[in-house]
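Presented sequentially are two complexes of subunit A, the first with subunit B as partner and the second with subunit C.
== the complex of A and B ==
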């Protein structure tokens, strides 16, 4: 485990650094700048140039990066130019909703995906075919459209859940939960399809292996075979998919955040990019990179738990 | 102006104009309709969801809606000024009955506009078109939740963009107040007047006994400090005070401004609509870092910003100010929350499920708003068309010929374009001033009728019988590109081939209009009082939209005369200016795009008018 952590740290630090450099350069290459974004069209050239100068946009790129980097090392990620809030505070308030949204969606995707996959492969027959078709459909349906449909049915036609909004769990846990049900379902159901497919294929493969035959010949109950042996062996690729999916969801929640008006990182990232809000973009990039490496660590640990052979 | 590429639709940013002395410029709003923040956000709107079709729409709307939603964003975003013709106001029931219920909803080209332009005292005259929801007896409300399509670029009144002033006027009273009729009324100042006959001296008398939320007293010195700070704070509207050479305070209740050049619009500029007239407490003027979302507000307003319950970019909470001096007039709730909902489908869902009370919206939301029996208030707002920049023919020789520019104006079938782009909610126009706005005249409005033969004849006379090639800058946001293509399609009929130079961001667009290489640009510009449009659009010193710096001495002379004039004389001069622009075809306007407001059926006080095209949150109240 120590070795794993050391390796993780050794890869994470240069990765964060590299991502921050690349993000800074790419953000600077995008046409337009923050000063015009702030001032709008009618500002005089003089006002515009003054603001550029005040914001340090006239400085060479390496100087700007160095200023940001040294401040970041001191824990100062700067102030967002789009809303005047500190990047650290924005991260603090926005990371919670995004994590809640993503983790809940992954839980639903896992339960639904593994459940359906297992059911279809184990029971087979027409159920398997149905799961295949549903999986394909779920993969094909855009999350945004599915979310709209859910809102229409479960918030407008049958007003069971709120159509939009996010309440902090500290303020009202029940409303927090209610507000996240539709976003969770939106992301979770659409994300469950590849998990169902992978589970089904994995379980079918395992069920045809010799050790299953041996176990059956020994009279081990089918339920035990499936849950204790087959599922565990079929889980490794599923965990890989879950890891990738989690990372994908972290950065891919933009549309769902917009649809359900959740103040998460995704919408902020889009806004910051459009406004050339480099302090915010940098903060988001570093945050997401750290989350990605953290997720990778968790996945590696899970691999180890599932398969002793990969424990090194 | 708020360019179409700007994302921030909403706009409590309007300003209007019509105090008694200045009544001829009845229209206004959004003098500085800028604020290009997050222009990309607009592009999101091109993929917004379109839920259904408005039951009362014309048949061409399906094709139109894609463009419409975006184009209307223009209207919302562009802090332009409202118009009045075809004013609509209705509840869903009214829509079903096929009747506009707005008080004063005027027929197309109606007399309201004409009379306003002829010098009736603007909104104060009560003859202009308006669009309004229900009225009733205000009942104290708990929380008013208002949707906004973009977050505030700043909560500092001195630097806030015109389109975002709702985020500041809620907590900072201004010297004057523009009411929903567009009339300029007392706020922190109880009276004001020009002290000379050239609009270069101005005096305000302040209310007595007011204190800022931090306990400091309001006096002339505080106002002087706030205005001087706003002038140099680096906000886009600071330029509106650039001609102020000195501010003196002969006594604690009197503030006097001296100007280097005439400014007939100070009562308007010092209203809530431009931010700079909202007065900031001396403590925060000395330390502007206090003017962020991490701190409370430092004004004298009906509400006080609550930083603990505010998440920048997501929602902004304001609590009622217990010491406010005019609670009955402007404090109808214990709390106001401005909730940012960028996605139009989410916004209308939030409204119809009563999560929000009021929403500045766009046509894509109309069907659901109608079906849900929401109040619907709308007025034409932003002109969209070509800005024929190269009027001296520096890079496009044909464009230097006035006959060519006139031919282009005759060649465009504005009715068809309007119907295609905005259905019944658009208003065709060949002038840049909305009916009811200063400078509007029937003569100018009728100057260009659709006449391809005449257009061809003019082109032949100019020496271009087979047409020519023209390059136009365009930004693909908020439907400008679609509108541009529609106009270009019509110009092709007379042999003019328009090639678009598509730019992806605000700064590139500004650069293209000013590098004297691109002779034409597609624009969306909120109609304003002529004095402001001069500064933004057509004076040689115009900051952005007169990129080739065309200098027409006759026009400048008219402008200067109008700036120093008042009453009917200024109305006439404004009309002459507008006529000059039309006759010389400086622009090729095609359509006025509307701004929409949707509200719960029991919210009272929602109203927009030609003189006040953006609704004020402070006017709203519960009726039950």
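== the complex of A and C ==
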């Protein structure tokens, strides 16, 4: 377990640093800096220069990075250019919907993926072929297009769910849930294909192992063998792929939040990009990287729990 | 975008990171090259031709390839092909479904969808091309250098690759686009950079493998520079895996590019992505707009993915068994055809002589044999004419065990002996219906007391397995589920048949572990398989097999995987077990093990029982040339200082079984009679049977033929 944690730290710290440095250096390359962006091009050269020095824009790059980074560690990610709010506050407000979206999506992806993978490998035959074709398609259909299809079918042709509109769960829980069904399905189903494939491969591999034959030789019922033994062992690679899926889901939220107009971090990232709002996008990048890092930790722990070789 | 974002970094589920994948590519070198340094150019040319021929035969991959070519050409020649310009308005046709004027319908302001798809594709595909180029160049360079140089460069590349896997790609692209607004080139270059470490990882492992190849070493010795080696020797070998990766990455890039366009973050003119965005904003008015754009994007991504898979399969195919399978079929064809028949009449003439000169009551007719050959008067287990077939690659069934009959009395220990590949393990597993890989019993019967096992339903089989027949397997560690403790296995084995509380079962488990002489049962109950030695794991396996006091235990090479010192302990355990009244079937190739434990031996060769006899008689006077040969080659009784005699030749594979006696090709006594027709198992004496026609050559002078003493 300690080894796992060390491995996690060895990738996590550099990852956060890398993203910070990268976004910062890229931002520093921008023609027209934050001071200009705040003042607009009509301000006099003097006010501009004054603001530059108060904002510390005259300092050398490493110093500026250090200032920004230490401030970020204290939770101060600067001020959004577009709405004047602090980036940390905006993120705090918007992180809720994003987390609700990703968690729901990963649950759907896991349930659907593992279910399909298990069914197709265990029951085999035509079901296996169907799962193959579906996963192939799911990998090729972009999430935004699938989302549009869902909107058309389940919101326009058959108006069951709202197409857009996000309600805070505190205000109206049912509406909140209904509003999230389509985004969840969009993200979850597109993400389920790789999980189904991995589960299927894993289960097929495990079913061929010696211990399965030996369990059969002891009269252990097939259902116990598959659901208790095989699934448990096939879960390890599935868990490691879940980490990658989550990173993909975070990227997916950008599109899905924009598509369904959900006031989350991903949707805001698109707005910030369009508005050239560097502090905001920097903050979002760092935050999402932290999320990835946190999820990786959960995955490592899960991995350890599943695998007695690591645990003991 | 989800799938694209994960797919961007070569997707592990797509097999791209699969170590097999790279080893296939590495294997390519070994298989295709005989190691002469001068060969590569000619060799790679031939290889390429072979590759194309095989690839063309793949309908799915070929269709994908053609579709890609069609779409790309269509976009390149958009100005010639498109019925309208990208900005040509036809307000009357705004938001219309397909018509003669607008084959794919028209969007806002009556802009023709087909034309805009063709024009828009130019921008989308250019972006994809940019990122694929960056991806390929960076990835290949970094991977080759890492693989070739090794050391810190290698570690650095691998580390970067790990980081890249954890980056949320879209967010990084958004950062880039925030800084360079609507600069699609910048975004696509960034995408290529983000993906490159994934490719580098694969190129690296291929390069590492290739580096070890003889010809590279030779090239290095002959003084070529690293650059020349990389260019002339490695790049051609890497081409396949690189194309696969680039096409998979391309698929991801199309998804991302159109995604950015969809968000309005790419270029502002029409692209596939902005067309999708238009479909979004007009979804309620004209859902049709979703169709053409979606179709083009999805099929393009799909085609790239299928192309990648197709190339990978084609590359892998070369090293599969395909060609040898064909060769085998051709070779075996005449064997069961006319060539054999002419001998048939001669065989019929000769046989009575052979049979008559065998032991007195020998009856070679089919009716006589099955029930006559049993050794036990009132058998616990009676195997009769058991025949097992497995599906082969062609989908046909191949018989691997044929007409096997023997019996085991209550409390008796019977050994099944023979070289590997003779069907011993298949026979043993068939008894319990545990055949793997699609094998099935095609004929014969297996009776346990009054229960017919070959036709028993699943519930009966479950109660027999572990309840009345215990099984001890070859590889003790692999036969335990790595995720569960030894205690869990035992408790499960007990409760499957006896039910009861976990506590009671655990108590019983403790007793069982004491029975198999495990020093600290309490600790063993809590141990995981990876913490056990082979010997300890086998004891646990035996304890599990004994959990419900079975009448019979089948042990399949129970000591083969163990240290010599541990072997003796395990055998001792089995002896005690048998002494306490449990019947044992021991599958082994080791006469020492057999002699240690068994009262009777069943000798198998090439899927058949060739001899069955009480152990001592068998060892003293083998009634089959194969048994005699086996006994001579037994290291337990070799004369010091003399080379160990062996039976020359090898066991024929099931597909190569001779029509007559299966042993004929290796037999010193073989005559044309032996090769003519299948030889049946016939009784030699009250307790023995043999499948040899020339038994008179073996048995009449026992004192001369007595080559073996006690096998101990």
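Everything below uses one rule, namely that the second predicted complex is superposed on the first by the 247 of 312 C-alpha atoms of A that agree within 3 Å, B and C clash if a C-alpha of one lies under 4 Å from a C-alpha of the other, contacts with A are read in each partner's own complex, and residues count from 1 in each chain.
The rule is simple: contacts are C-beta pairs under 8 Å (C-beta built on N, C-alpha and C of every residue); 3 or more make two chains touch, one makes a residue touch a chain.
The shown structure was predicted, so the numbers you read here are calculated from the model rather than taken from an experiment.
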item: A:148 touches, of subunit B and subunit C: first, second, both or neither?; value: both
item: Superposition-derived comparison: subunit B or subunit C, residues of subunit A touched; value: C
item: Touched partner set for A:90, first subunit B, second subunit C, both or neither; value: first
item: Subunit B versus subunit C as contact partner of A:292, first or second or both or neither; value: second
item: Subunit B versus subunit C as contact partner of A:73, first or second or both or neither; value: neither
item: Contacts of A:261 with subunit B and subunit C, given as first, second, both or neither; value: first
item: Which of subunit B and subunit C A:159 touches, first, second, both or neither; value: first
item: Which superposed partner A:174 touches (first subunit B, second subunit C, both, neither); value: neither
item: Contacts of A:82 with subunit B and subunit C, given as first, second, both or neither; value: first
item: Partner chain(s) touched by A:2 [first = subunit B, second = subunit C, both, neither]; value: neither
item: Common interface positions of subunit A, toward subunit B and toward subunit C; value: 30, 148, 151, 156, 258-259, 270, 273-274
item: Residue ranges of subunit B touching subunit A (in the complex, touch as defined); value: 1-3, 6-7, 31-41, 44, 49, 151-156, 159, 161-162, 234-236, 238-239, 292-294, 311-315, 339-343, 345-346, 349-350, 352-353, 355, 503-508, 510, 535-536, 543-545
item: List of subunit C residues in touch with subunit A within their complex; value: 1-7, 9, 11-14, 159, 162-163, 165-172, 174-179, 181, 251, 255, 258-259, 262-265, 276, 279-280, 283-284, 287, 290, 293-294, 297-299, 301-302, 305-306, 429, 432, 434, 436, 458, 461-467, 470-471, 473-475, 478-485, 492-493, 496-497, 528, 530-531, 541, 544-545, 547
item: Residues of subunit A touching subunit C in the complex; value: 11, 14-15, 18-19, 22-23, 26-27, 29-30, 136-145, 148-149, 151-152, 156-157, 187, 190-191, 193-194, 197-198, 201, 208-211, 213-222, 224, 229, 232-233, 241, 243-245, 247-252, 254-256, 258-259, 269-270, 272-274, 276-278, 281-282, 284-285, 288-289, 292-293, 296, 306-309, 312
item: Contact footprint of subunit B on subunit A as seen in their complex; value: 30-33, 36-45, 47, 50-51, 54, 80, 82-86, 89-90, 93-94, 148, 151, 155-156, 159, 162-165, 258-261, 263, 267-268, 270-271, 273-275
